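Heads up, the next two complexes both have chain A, just with different partners, chain B and then chain C.
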Partner chain A sequence: MSFITRGFSGCSRERDERLPPGQTLVQDFPVLSAGPTPEVDTAEWEFTIRTESSVHRWNWDEFTSLAIDDVDTDIHCVTHWSKLGTSWRGVSLDTLFEQVETEQEYVMAHSYGGYTTNVPLDELLDGKAWVAFEFDGEPLEPEHGGPARLLVPHLYFWKSAKWVRGLVMMEQDEPGFWEQNGYHLHGDPWTEERYW
Partner chain B sequence: MSDAATGTTAPAPAPSAALLAVPRSGWHVATVASTRRETPNASRIELEVDGWPGNAAGQHLDVRLTAPDGYTATRSYSIASSGAGTRVTIAVDKLPDGEVSPYLVDEVRAGDMLEVHGPLGAFFVWAPDAADAAAAGEARPVQLIAGGSGVVPLYAMAEAHGAAHDLTSFRLLYSVRSPDDVYFADELRRLAEASAALQLDLVYTRRSPAGWPTPPARITREVLEAAVIPAAERPRVFVCGSTGFVERVADWLVELGHDARSIRTERYGGT
Partner chain C sequence: MQHVDGNALAGPLAEFFSFDLTTAIARCSGCGAVGELARTMVYRSGAGTVVRCSECDQVLATLVETADRAWIGLSGISAIEVPRG
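What follows is the complex of A and B.
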């Protein structure tokens, strides 16, 4: 139903092909949060993966001793900004799931502060997702999800849960916090799965 | 929305309380009914939106502009109005290097058509309490805290509160550069005069009106503590402004004993 808006010409004509539809390039790093930034001390920090049969746990030292990936990727926020060529360091979900046996195909990510977001397991494996604790060569700042956040760059960035503390396997897909409050169950930026 | 059901075999989400209160979003054609200068840097735009399902106070919408060569630009704006009906008001602050906001503030005029998608967001919303809950004293007080143009969704909440003659105790703390920069200045004054349940507190950061008791200054933890409903009264708190403002205020609220789960935040940013 798109029509031309009278008097609008726009600024930039160089459409970067890395930019999904409806997105605008930014140089800064905007913040989207639903509440206060939780303070999480790495001395208390713990990451768990809970399956139908067991719980796997890592404390901060154990976690940061795992194989660490350098990740260069573009990120896309549902609020219409994208940031290209961001650099992160973190642990691949492939590494975390090496020891994990599960038949369940869906994941709910849980964060310090109580937020949740759902992602199918096959969208977290095969080099598609990390738990990241460095951004641009520095420890990840609390307002951007530090000490550690999920990084699932092929989906809208609300899926990259800030202050992540664990994954819970689920038999069926269920909506997390943002998904219950208006955002899409899946969140592919290339098909603009923004809202329900 | 047709794409919501594709690519998943998941059951329908269990509706949260907030979900039930907000209408479903979709694309709509909006005709500009009127525009007026809101502040030296912002405009108020009243839209007549074909098929708009109504919206809750605090929700936002996306505006999509299309250039003659097909280039499009989309931005999100908070809605200053609420309730049933197809009239929707937004207030837009002009960003210095913006692409969409200068068009909306300086160029758009009555009769123009825009594409809008909404209403959006089911978390940063407030709805009038059931009258019996308020009468029974069970309704929690509401503290609104605005920085600059972040007042827009909070104004919608204050206006909905006034229109419903809601007895819930409401307080709006509004940090703004100068008297000229106050959004909805007349409406806010009238709302505060009309209802004993709404208290308005203004903090001027650059220039105060003549005779104002305190010199202009950015909000401090002490000012915040004095001007917000105390944590002991368990207010629900809504904070909206720039990221720096929201981070600072939300951190102080937690330090002052407010339950983090009772603090809802929204930030603006980007172009």
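What follows is the complex of A and C.
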């Protein structure tokens, strides 16, 4: 049906079906920061996963030697913009969690600069999340969260924590920084889980 | 000791929510610095506004606004002083 309409009009005013409700397409990449941009040297950078029983650590060289995925995905910001077909490179959370034993089902992501955000573990696994360090073929710039940021594209983009430095396993879901201050605990753009 | 319900706050709290907040003085719960809110560091992002202590950088307050609702979080402020009279 839609393609017939398009054929007649030559252009379409129909909604792109990749666009969740309440979102508008942008071509640029708005920068949203809640503090000064942390300057993190990759020589100092470290990523950790802390469980109930142990801490797993990777430095920059170890981290970038892991299997790297190319990720093409749409991203959706709670402030009503979406950007389609963005390209990233990073390490899948499946790869990181191969080495991790945990019974706990919730994750708090922590960033350089102090920001936190919560995500259930099962929403980070099975090809749903990465720690990304390249955007559009270039190293991720500090203003976009470099050296590395979490990338959880199926949730609103505030869950894709910039300057990520580690994940802490939790027994129960607890609100992160913005989730304590009005934003939704979960953040699914397709059901518009924007705020409390 | 007996308590009453939160309706009793209407009078006392009206004072706190009706003055110019920038003239208020706040105590940072992180470093203990006491200073005017007007002298804090304010970062605006699409997600919301974050107010940080100019001494220690701790988050003092957050503001989130939508068309029909607004939130203020005061997680890093242990007390606020407002001028009277």
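Criterion: the second predicted complex is superposed on the first by the 183 of 196 C-alpha atoms of A that agree within 3 Å, B and C clash if a C-alpha of one lies under 4 Å from a C-alpha of the other, contacts with A are read in each partner's own complex, and residues count from 1 in each chain.
Everything that follows uses one rule, which is that contacts are C-beta pairs under 8 Å (C-beta built on N, C-alpha and C of every residue); 3 or more make two chains touch, one makes a residue touch a chain.
These numbers were taken from a predicted model, which means no experiment stands behind them.
Chemist: For A:Thr64, using the defined touch cut-off, is the partner it touches chain B, chain C, both, or neither? Pick first, second, both or neither.
Modeler: After superposing on A, A:Thr64 lies clear of both chain B and chain C.
Chemist: Of the two partner chains, chain B (first) and chain C (second), which one does A:Gly114 touch, if any: first, second, both, or neither?
Modeler: A:Gly114: touches chain B and chain C.
Chemist: Of chain B and chain C, which one touches more of chain A's residues?
Modeler: Touched residues of chain A are more numerous for B.
Chemist: Check whether A:Trp158 is in contact with chain B, with chain C, with both or with neither, and answer first, second, both or neither.
Modeler: second
Chemist: Between chain B (first) and chain C (second), which, if any, makes contact with A:Glu193: first, second, both or neither?
Modeler: first
Chemist: With the two complexes superposed on chain A, say which partner A:Thr95 touches: chain B (first), chain C (second), both, or neither.
Modeler: A:Thr95: touches no partner chain.
Chemist: Just checking: does A:Pro30 make contact with chain B only, chain C only, both, or neither of them? Give me first, second, both or neither.
Modeler: both
Chemist: After superposition on the shared chain, which partner residues are touched by A:Gly182: those of chain B (first), chain C (second), both, or neither?
Modeler: After superposing on A, A:Gly182 lies in contact with both chain B and chain C.
Chemist: In the superposed arrangement, which partner chain does A:Thr79 touch: chain B (first), chain C (second), both, or neither?
Modeler: So A:Thr79 meets both chain B and chain C here.
Chemist: Determine, under the contact definition given at the top, whether A:Thr51 touches first (chain B), second (chain C), both, or neither.
Modeler: A:Thr51: touches no partner chain.
Chemist: Intersection of chain A residues contacting chain B with those contacting chain C?
Modeler: Looking at chain A, the two contact sets intersect at 30, 32-36, 79, 114, 180-182, 195.
Chemist: Show me the residue ranges of chain A that touch chain C in the complex, using the header's touch definition.
Modeler: Going by the criterion above, the answer is residues 30, 32-36, 77-79, 114, 158, 177-178, 180-183, 194-195.
Chemist: Given the complex with chain A, which residues does chain B contribute to the contact?
Modeler: Spelled out, the residues of chain B in touch with chain A are 1, 3-4, 7-11, 13-16, 18-19, 22, 24-25, 27, 29, 62, 64-69, 71-76, 99, 103, 107-108, 112-115, 117, 120-124, 243, 247, 250-251, 253-254, 260-261, 263-265, 267, 269-271.
Chemist: So in the complex, which bits of chain A are touching chain B?
Modeler: On the chain A side, the touching residues are 1-13, 15, 22, 24, 26, 28, 30-38, 79-81, 113-114, 143, 172-175, 179-182, 184-186, 188, 191-193, 195-196.
Chemist: Going by the contact rule at the top, pick out the chain C residues touching chain A in the complex.
Modeler: 43, 45-48, 50, 52, 57, 59, 62, 64, 66, 69, 71, 73, 75
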